[in-house]
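Going by the order they are written in, the chains are A, B and C; count residues from 1 in each one.
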Amino acid sequence: MERRTIFPQRGLPALLVAPQLAVTIVFFFWPAAQAIRLSFEQQDPFGLSTVFVGLDNYAALLADASWRASAARTLVFCASVSVLSMALGLVFAVFADQELRGRAIYRMLLIWPYAVAPALAAVLWILLLHPQIGLLGRGLDHVLAWFGARWDYKIDGAQAMLAVILASAWKQVSYNFIFFLAGLQSIPRAVTEAARMDGAKGWRRFRTITLPLLMPTMVFLLVVNVTYAAFDTFGTIQAMTQGGPGTSTETLVVKVYRDGHDNGDLGGSSAQSVVLMVLVIALTAAQFRAFGRERD
Amino acid sequence: MATLDLQGVRKSFGTTHVLHGIDMTLADGEMVVIVGASGCGKSTLLRIVAGLETPSAGRVLLDGRDVTQAEPSARDMAMVFQNYALYPHMRVFDNMAYALRIRGLSREEIARRVQEAADMLGLDALLDRKPRQLSGGQRQRVAMGRAIVREPKLFLFDEPLSNLDAKLRVQMRAEIRRLQRRLGITSLYVTHDQTEAMTLGDRLLVLNQGHAAQLAPPMEIFERPADTHVATLIGAPAMNLFAATLTQGGTVAVLENGAVIRLGARYPGQDGAALTLGIRPEHVAIAPDGMPLEVDLIEPLGSETLIHGRIADGASVVLRVVGPASLQALRIALPADALHVFDGETGKRVETVSRPAMAG
Amino acid sequence: MRANWAAHAVLLFGVLLFAVPVWLIVAGATQDTDAIARGELSLLPHLSGLGIFGSVLREGATGVPPVWRMLLISFGMAMVIAVGKIAISLLSAFAIVFFRFPFRLVCFWLIFVTLMLPVEVRIVPTYEVMSSLHLIDTFSGLTVPLIASATATLLFRQVFVALPDELVEAARMDGAGPWRFFRDIVVPVSSTSLAALFVILFVYGWNQYLWPLLVATDPKLQTVVVGIVRMVGVEGVTEWNRVMATATLALLPPIAVVLLMQRWFVRGLTEGEK
């Protein structure tokens, strides 16, 4: 997409682009290049010198059972968060699309949660799920105690995973709601009416007409949700479980932080960063393709 | 095959009253065209018949059965939408088969009906295409095909031709009429185009701001319009209207410019009653002893010429002359047997109280 | 409008799903921290406890500066990021779309690529860079690196490319140079996108966690989101009522921004990228 009409100046535009380019190079490309460089090196135990080790760090990564476990965990986490938050977002959007009294108020009340920080979502859910303090958590703990189990996401790995999934999905519903609603509203009313005239009622109409026409939106949202779950949930997980207990909620992004920041393993952590970069690039490319198709 | 009965149908949206009590009966196999300007309520009326809206008052009966509150799917009616409303994600074949699949018809029956409709509409080669690969005219035919395969009790058309170019419109108009006649399905057709109305309808329902102005066969509407609104809606160029006063015991009308027009019959009313006289452009006569007309504009159309002008007090007149003409100053007369008389205040048609005197 | 009880039920559930947790912290803030620790957190506020908000604003909590300070930092950060990003992106998009200059396409792709590199992916090296530039524990360090990503630039680029040619030509015939054209035509035409982006970027800047965590170790530069997580800190000594009061205060500005600019926000989100 190019323009036919342009201004003739040459120096001016370079000047206009300079600020963004400057920040981009200093704070994006330089660190990214560093990460790539570091990923090919290994520090000695005293941190005094570095040695070029080629692809050793990557090989070690792929061989590292804990990294593979983290990758698998991230997959499960991303899938769960995406499915849960998209399903809820879709259900709310379908009902908010109908002719209802108070429709505008419902929409407003389902859109504001977009503003909640991922880290704060974690705090909210701690106050719900905490085994001693939480509004739901303490009741849950009592109930489970009758069966000889406990509710404590600080101790039980699976429960911790459930807790962070819930908090992360909860935060994202609003975003999905907004996009699904826009998608539903872009379906021409006459097409839905034609389906009604043809005898398609309720669920059947939804399944054969609405859902297929909503497919581009769904694909786009899937990519966005997976990206969100993989990266933007760092604050949520860190605030709620810090990746624990043990490593049960340590997704890839949390692992990079732990290994690099907490444990000082620059080479390994850089290799992880590079792998994540590749993942992000693939996801973003997919997102652009999906968004382009949605706009048709 | 079915009869349709509308009884006292009214519709209001909040404080906006859109329909003010419509009564109409469609005979089996009849095609009635609802015609009127934008905003007159014609689409609303159609949607009430379809079940996409519910009336605020009144009933809709299909074959004697009250369907006023029934869902569209329960009414056995098929609708052709203005923008075709084809399912964009389905092939043409599936678009047409959709309703039949819902009804649980066998694969063979569905294929047979779709093929038959495709043959009727020339869609055979397009059955595998998606709507976005079709032209406007092709999409319109698919929309019709979708309605035809249903073999419904009633066809509903919501301005189906307004998105087509002029030439295609003329062609499709004829096809729709032929198809409807051949299939004999009772139909309700909505349009704002008076040519479509005249050519397609067995009867016309003229709507004026939610009121039924006239329900009659096309020629009756043309020759004896029920009020000034109908008179100017049907027929192009529109009928000329003049403000006038009744005098001489109801036999003569005097225009604002003083010209005296013989009415050729006695009309009811006091002397001095306000009237509106109407005469179609093709009936305005050129008479050497008539009113002087100052010509504003001449529009040569080849087969005829339209002459726009003004008479003495500024009232504008359009007359239609066969063949080419280039007259600068004219004298015109309004022959009594071509006059339409309407009440000056209500606009309603006024009938004579006596037969016109025979010559002599 | 048909009364549809199923729809109302579902939507009400949705509204409560989000409203209840937030109400919980509003009400919980007013309750006594020991009571909370004993498991008595309830949805009913104690009106006597309203003073907690003032207290938290003035004094903060253990290990955390006064909340008014943190709110100010967060606000400053969000505003600088939102305004800065919009300004930079407007200029860049304008340059890329309306001019031809050497390496124009290279610049475009360089900027485009940054879309794909969120902070979480470059944690360690970016910290190193910040450190060597002495930007750790500075306000610029908090904000500048977050200003240059590509989402806004791409959005504006899209809007600018769609402007009719006649508009540019008419302006040039009227004697307008690039600056006038930018100020008098391009910016006003982009106003919906501007409004939407402001909301998105303000919320983005306010809600940052990882970046301020890394870059701002000095308590004086702590943002409110980081502060809250720090307050939660070690199990057993958390002053939950203070946490909740601060969280309430921390939620108000971004929610207000979203609600006030809701219409533009939704339109901008669904018409632009991300």
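FYI, a residue touches a chain if its C-beta (ideal position, glycine included) is under 8 Å from a C-beta of that chain, and two chains touch if they have at least 3 such contacts.
The structure displayed is predicted, hence computed values, not measured ones.
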Seminar exercise, completed: The chains touching both chain B and chain C are A
Exercise. Which chains are joined by the largest number of contacting C-beta pairs?
Worked result: A-C
Seminar exercise, completed: If chain centres are mean C-alpha positions, then the most distant from chain A is chain B
Problem set entry | Computed distance of Cα centres, chain B from chain A, in Å | 58
Problem set entry | Chain centre separation (chain A, chain C; CA means) in Å | 16
Problem set entry | Interfacial residue positions of chain A with respect to chain B in the complex | 188, 190-191, 193-201, 204, 208-209, 212-213, 215
Exercise. For the complex, which residues does chain B have touching chain A?
Worked result: 50-52, 71-73, 77-79, 81-89, 98-99, 102-103, 146, 150
For this session: Flag every residue of chain C that touches chain A in the complex, lowest number first.
Result: 1-4, 6-8, 10-11, 14-15, 17-19, 21-22, 24-25, 28, 36-39, 41-43, 88-89, 91-92, 94-102, 104, 107, 110-111, 113-118, 120-129, 133, 144-145, 147-149, 153, 160-161, 165, 168-169, 172, 177-178, 181, 203, 206-210, 214, 225-226, 228-229, 232, 235, 240, 243-244, 247, 250-251, 254-255, 257-259, 262, 265-266, 269-270, 273-274
For this session: Sort out for me which residues of chain A touch chain C in the complex.
Result: 1-7, 9-14, 16-17, 19-21, 23-32, 34-35, 38, 88, 91-92, 95-96, 98-101, 106, 108-120, 122-128, 132-135, 138, 154, 170, 173-174, 178-179, 182, 224, 231-232, 234-235, 238-239, 253, 256-257, 260-261, 266, 269-270, 273, 276-277, 280-281, 284-285, 288, 291
